[in-house]
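Written out below as structure tokens is the structure these notes cover.
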Amino acid sequence: MADHAKDKCGVFGVWGPDDSGWRAYRALYAQQHRGQESAGIATTDGRVLRAHVGMGLVPQVFSNGEIDELGGRASIGHNRYSTTGSPMSCNAQPLMEEYGGGIQVAVGHNGNLINADLLRNGFEQRGHIFHTTTDTEIIIHLLATHHAKGNLDPVVESLHHLQGAYSVVFLFKDRIEAARDPWGWKPLVLGKTRDGFDCVASETVALDALGATFVREVEPGEIVTLSDEGLSTRRFIDAQQPAHCIFEHIYFANPSSVLFGDTVQLVRERLGEKLAEESPADADYVMPMPDSGRSAALGYARRSQIELREGIVPNRYAGRTFILPDQADRDDKVQLKLNVVAEVVRGKRLIIVDDSIVRGTTTRAKMDQLRRAGAKEIHLRISCPPIRHGCYFGIDFPDKSKLLATGRETDEIAKFLNVDSMAYLSLEGMLECVSRPSDHYCTACFSGQYRLNVDKPVSKLGLEKNQPPLF
Amino acid sequence: MADHAKDKCGVFGVWGPDDSGWRAYRALYAQQHRGQESAGIATTDGRVLRAHVGMGLVPQVFSNGEIDELGGRASIGHNRYSTTGSPMSCNAQPLMEEYGGGIQVAVGHNGNLINADLLRNGFEQRGHIFHTTTDTEIIIHLLATHHAKGNLDPVVESLHHLQGAYSVVFLFKDRIEAARDPWGWKPLVLGKTRDGFDCVASETVALDALGATFVREVEPGEIVTLSDEGLSTRRFIDAQQPAHCIFEHIYFANPSSVLFGDTVQLVRERLGEKLAEESPADADYVMPMPDSGRSAALGYARRSQIELREGIVPNRYAGRTFILPDQADRDDKVQLKLNVVAEVVRGKRLIIVDDSIVRGTTTRAKMDQLRRAGAKEIHLRISCPPIRHGCYFGIDFPDKSKLLATGRETDEIAKFLNVDSMAYLSLEGMLECVSRPSDHYCTACFSGQYRLNVDKPVSKLGLEKNQPPLF
Amino acid sequence: MADHAKDKCGVFGVWGPDDSGWRAYRALYAQQHRGQESAGIATTDGRVLRAHVGMGLVPQVFSNGEIDELGGRASIGHNRYSTTGSPMSCNAQPLMEEYGGGIQVAVGHNGNLINADLLRNGFEQRGHIFHTTTDTEIIIHLLATHHAKGNLDPVVESLHHLQGAYSVVFLFKDRIEAARDPWGWKPLVLGKTRDGFDCVASETVALDALGATFVREVEPGEIVTLSDEGLSTRRFIDAQQPAHCIFEHIYFANPSSVLFGDTVQLVRERLGEKLAEESPADADYVMPMPDSGRSAALGYARRSQIELREGIVPNRYAGRTFILPDQADRDDKVQLKLNVVAEVVRGKRLIIVDDSIVRGTTTRAKMDQLRRAGAKEIHLRISCPPIRHGCYFGIDFPDKSKLLATGRETDEIAKFLNVDSMAYLSLEGMLECVSRPSDHYCTACFSGQYRLNVDKPVSKLGLEKNQPPLF
Amino acid sequence: MADHAKDKCGVFGVWGPDDSGWRAYRALYAQQHRGQESAGIATTDGRVLRAHVGMGLVPQVFSNGEIDELGGRASIGHNRYSTTGSPMSCNAQPLMEEYGGGIQVAVGHNGNLINADLLRNGFEQRGHIFHTTTDTEIIIHLLATHHAKGNLDPVVESLHHLQGAYSVVFLFKDRIEAARDPWGWKPLVLGKTRDGFDCVASETVALDALGATFVREVEPGEIVTLSDEGLSTRRFIDAQQPAHCIFEHIYFANPSSVLFGDTVQLVRERLGEKLAEESPADADYVMPMPDSGRSAALGYARRSQIELREGIVPNRYAGRTFILPDQADRDDKVQLKLNVVAEVVRGKRLIIVDDSIVRGTTTRAKMDQLRRAGAKEIHLRISCPPIRHGCYFGIDFPDKSKLLATGRETDEIAKFLNVDSMAYLSLEGMLECVSRPSDHYCTACFSGQYRLNVDKPVSKLGLEKNQPPLF
């Protein structure tokens, strides 16, 4: 199947507490921004695994006593944002399966494998059956196969086959194993609760929600094991040159999280400051596009010494899906999602700060709305470079052809958006705002430089393509 | 997993009509008595398969336009009655899977395989994963494996592995294949609609509901293929000595169906006549236990020349699940399901005719209810022999230990049920009421004589156990 | 509003037990045949009333702990079968309202008032507002008004205004009042539970379901009061010449109920016997149309000495609503509801016995189905006279113009139905089958003789129309 | 009934367009902040009214084609936020009733009547029945009664009885009538759509969402009529001294709305500026409590010249209801709703700006959370005076005894909240931030000065209590 789900997701795991399901519930709630399509929790009581997954937000999925029914002393959880056309309940995670004559496992995965098709085809040629379109199911087939072959550490053996971005949690009846890909694409952090239980999560905001302490990142290429024996760790592969997803800082992560060594909120403020340095404008006000542009606007205003004003009011209920009649166009929808404070913008020269632009169609409608409310000049400032390339590592962008910036220069874009001036932050400027060396980040969506050869995936790390059979 | 579902189910398939989903809907509706837990339909439009399955009765599962959404020019359908403790939506059928790089198949199955554990374990030892507990999934693994091995006729190759009872329909994008096990345990019939389309169904009552003609039974060991090329047939194995499930005649099938060469209604009347010959009683009235004992009571009254009276009125809405407070006992429930016409039974000597007794607890409550209404004598007559043995071929009986007749003589049973006399039909008497030779029926639940060695299943027909690997 | 609901309904009330809600649940369950559209229970704990009503069958309406939430030591309940086009939840009963500064009352009603429009208009002219279309709401307006006027016994005063058929139960915080119209149109019986609590119900079958004893009928024109003080009774008006609804015996009531002094099942058997006497036929078999014609067929066979055979099998799941595609016609639906045992009817001369015919369209389809199955002759026998007139007292018949027998002689009807002969039971013959004097029954739907002047309703008993204001 | 619902609600009406239901949908969506408990729309096609109301947010209530089913060329809509313990579907609005023999009306109401009990009791003493607990139903009883009395303008006559706050829309089959109480408590504005249709709404933000122009406020004591004859107006009573609800500006209204002559966003910024003047503090950062304190914080920072920083991040999904296990306390819930950016607040002296404090318990938890994250000093600033008195005019505050500021001085409150200093804005300071004369606003919740005698309501304006009968 050609359209593997490319997920932005969140994972979590905790070992030990009697209310482990409730801990997962809180963590998923705090990580809700990483995926709103489905949620799921799997637990173990030491003998048997139980899982409940469903479509919708965390409180919707767990509204009828499911958590108490799950019970258990350890749990993993998963938030999912799917990009496939038709969200299917059977693709929700954690995915719980059985193999090898009664070994239960539940798996939650954040990221995207570039060799998923290759692996899946290899399995299908051996008579295996797939009933979801997730990378997660491929990982379980690897587990089952390496178990069947008698390998002593099927988890390690399985991970050797995965090429791409993944932060993955496995729940077995007697342990959690949490692994991060050798490039560290996606975040994965280790925490300890006030009452002493080990936990892992995609973001530190989940630890905060539990009142847990942030211990450290799980290292690229590391597996940590949580069990009654406590915490243990092993490397399954040498770490590679890191490729942290910079877009987590730009847009995706929670502002209060500490990610790849930086607090997200502060990175975003610095992006705004840098943007003000690179692309100043003569204007009356700096105005954030809420809520995503707020941190960068604060930085821009601080550096530019131009007054920060709020003139665009988001409809706090607009996040929910809503219907409009057939004749409604995009302008209508934008108008329902944002309200402009006419008296603030009327006759003013505005610097509008937003975090990023993908397709640009919504942005165009927003600019029109500001014009109709009387804005005299609009200077649009974007706190990252133009997005011109697809992501194969877990962020879902539309086809290149639908990206606003693909094949368009900035002045064309300004014309299209009907703004008086526009500027993106430079790639270099952006990288100056984060602490780690520039080559430790994946910037492929901006630069087109992919860390892995996405056109020639391999079925096992260290092998070339057209290699001998899978195992 | 130890508790494979042992289903009483119904299957159906039709090739050709533009409203194939609606035809399946009607057929499933007519076969609803074969399974009320879940229902499902899969269709093909020649290029892609679509399926909708759900928990509940046919009209509940297809109440929101699902059939029109399915579309398609061919369909298969499935009614399911599960015996597993927790009915799970993921076990509903038809089961639709993909294998071999894009081959879609949907499968519906009626019966029970005795070598399911053996086959499943074999697959698990090869690294395969299972996500349901159905025999159906095992069949698809066989298909996928034989396809991967390059076998020219994977359906035939797969069926060679199945040991037990099955009437199974496969839907591929370009054809339906319908197969019946070599012993003919479960019914499977071929029909032709008024507008000339070929169809298969578990019972002729489904053909009647479509206004279709009953053409013939699918033979034991036969595969019929329905496609745009019309109907074709092939044997996949030599037919064995038949083992038709006699319990279909006793209780399970629709009275209007023609099954294994006999009309069910007439068989049941003959059972009642034979019962009157074997076990007469001096009484005022013959009275059926509705609705299951009605046909046999008619035969009993006809032969005994004792007046038939109706004195027990079923609550027509009691089939639905209903709740009662904790303190309610079985008597309470029976009282809500049956009403006794006191004026009819008061002071009378009654011959109560029923089709069979399984656990006997409900029967006991019914007898008590008749006593309370004033019945003077109760002579209970059962139109089949005592059920003393489990079924491994698709009828779900409780554990032997919970069968009323296991380890109890008839007079003990009469005492337990608080009746003045009771009698079962003899095994020989029962077999005289059906047309085919006595050894063409499976009577294992009565006799304990199993046609196959249920303790030593094989992984492929013709092989002994502890045989070499599966393929 | 022109289309007041004309209900066939069931009512119930019990005073005293701590599980009074569960008692109502059982009673409604046993009376489910009196109304399947909605169900409701109201309870009191001595201080406050609580109610839960909903659309659907009793077990569907009370499936989520509602009964335990209701609590209370007394309850009334209601089954409703509505005839309005669009069943509305707000019309479900018991209807609970408040008036007079905090007096709560819940009311359930079976029957139909012929002066409902007159009363409602009178209220509307005084500025009252109605939010349902039920007679029940009118009754509560009467209560509230007589209370406001300071009348000492508002219940009695209110009932004086009601003209038509009603068996009504009122629940106040400290008592149940149950009243039956002065003509005794609808049944209402008094019972006592095994543990000594008083109860009222529409039919004795509800008493049986509770294990309660049938004490006596509530008399026409009587109010019985159930409270902590025990049972008391008073007349609110002189009883009129009775007008018991004979159609309850023909079709509507449960066969096991004792109604207007007769057991329903025995009445129906006598109707069949009388029919055999009046309209014999030369045939091979007597065959009931299940399930409604079964009792009469038994009587017909007994008297005619022609063999009773079962050849028409109802689909036990067909009572549920189901959808069919647009192109489906009535024949299709009938075919899904009934299956014919072809081998029984083929080449035979059949006497088909049914209880009544309303529109006749379904009957026509059934006869066609028998013909297609090979019946040689069909002699249709109906165990009541032709229905040619509307009912204004609680049975919902379609417009006169849609009644099969309106303006058609029996031979025309036979031709329309495509039967070889047909006969109805005579009015006199029918009345010979019940115990009370012939003029104690309402036979208006057959004879057109209405006990009350349905064209000139009055706003208070004893007044002529165009009378002075309501109060 | 003692606990009349005191609603914060929104109303809307539009006359003329073929898609009037969709216009109402958008307007309600834009006014969702005025009520999230239920929503409803009623339409007319000139002959008959139709309504759909339901519990939940606008997109949830209208998710299944209800709007297209409503049809119609004119509509009114209602958002409701109920304060009653148990939200009941029957209290949702618009309330549609029928009176006077077929006159349909639908009514939506924002505000609260102080003479509701008096009016309701008067009606009940006349035998009227109520089935909701809303003021709206009382208004319809008035309409029905004045119609029955033959009054020529029942709407005007009815409004003469209403004492309190109300902005109310009536939908009749041939017109909309929209009225505002003589004191102008609640907002109500008149607009015109781009295609020329007249409309009314609670807030201008609803006009913006429709692309409609804000024409003017509906005057206190004015009725505007929208119909095919265009717009007309009449006064039903002399306007009183205005009593605009100042709390709409403080908290309730949308920042982009123009309300009582001021843009809300600008009022809030001025409140923050004034607060900085009155209660400065020596600190590192001004930090808004999101989202309610953001505008005032902007003003405070601007005036104080202290840097504005964002350090508290709301969980954008926390608005939805969610469950927590029993042992969870308020701190847990706050922690899930807000995340603190530890690196920003650690070691800093913070001025936290919020709009208001009601109970204070949540505020306390938030302050604790900032402390745990390392804040060195917390100076809490509230942009309105202490709330110490109940509101009888449509804003729901808890019992006086539960208001944080009742009976507590500011330093006690600071201690309770565990902050280093705290200050409220003064009453005078607050009133300087709005444009109209100070005595044109209702400030009763702060001052305890009620414009009307809430203890002695009258049944008709101009009458004293213990007056003669209602009409």
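Going in written order, the chains are labelled A, B, C and D, and every chain counts its residues from 1.
The rule we apply is simple: contacts are C-beta pairs under 8 Å (C-beta built on N, C-alpha and C of every residue); 3 or more make two chains touch, one makes a residue touch a chain.
The structure presented is a predicted model; accordingly, all values stated were derived computationally and were not measured.
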Mutual neighbours - chains that touch chain C and chain D alike: none
Between the pairs A-B and A-D, the one where more C-beta pairs touch: A-D
For chain A paired with chain C, centre-to-centre distance based on mean C-alpha positions, whole Å: 62
Centre-to-centre distance between chain D and chain A (centres being mean Cα positions), rounded to whole Å: 38
Mean-CA-position distance for chain B and chain A (Å): 50
Multi-chain contact sites of chain C, meaning residues that touch two or more partners: none
Chains touching one another, given as label pairs in label order: A-B, A-D, B-C, C-D
Chain A residues touching chain D - in the complex, by the definition given at the top: 19, 22, 26, 29-30, 32-33, 36, 57-60, 62-63, 67-68, 205, 208-209, 211, 254-256, 258, 263, 265-266, 291, 294-295, 298, 302, 307-311, 313, 315-325, 327-328, 332, 335-336, 339-344
Complex interface listing, chain D residues touching chain C: 1, 90, 97-102, 121, 124-131, 137, 140-141, 144-149
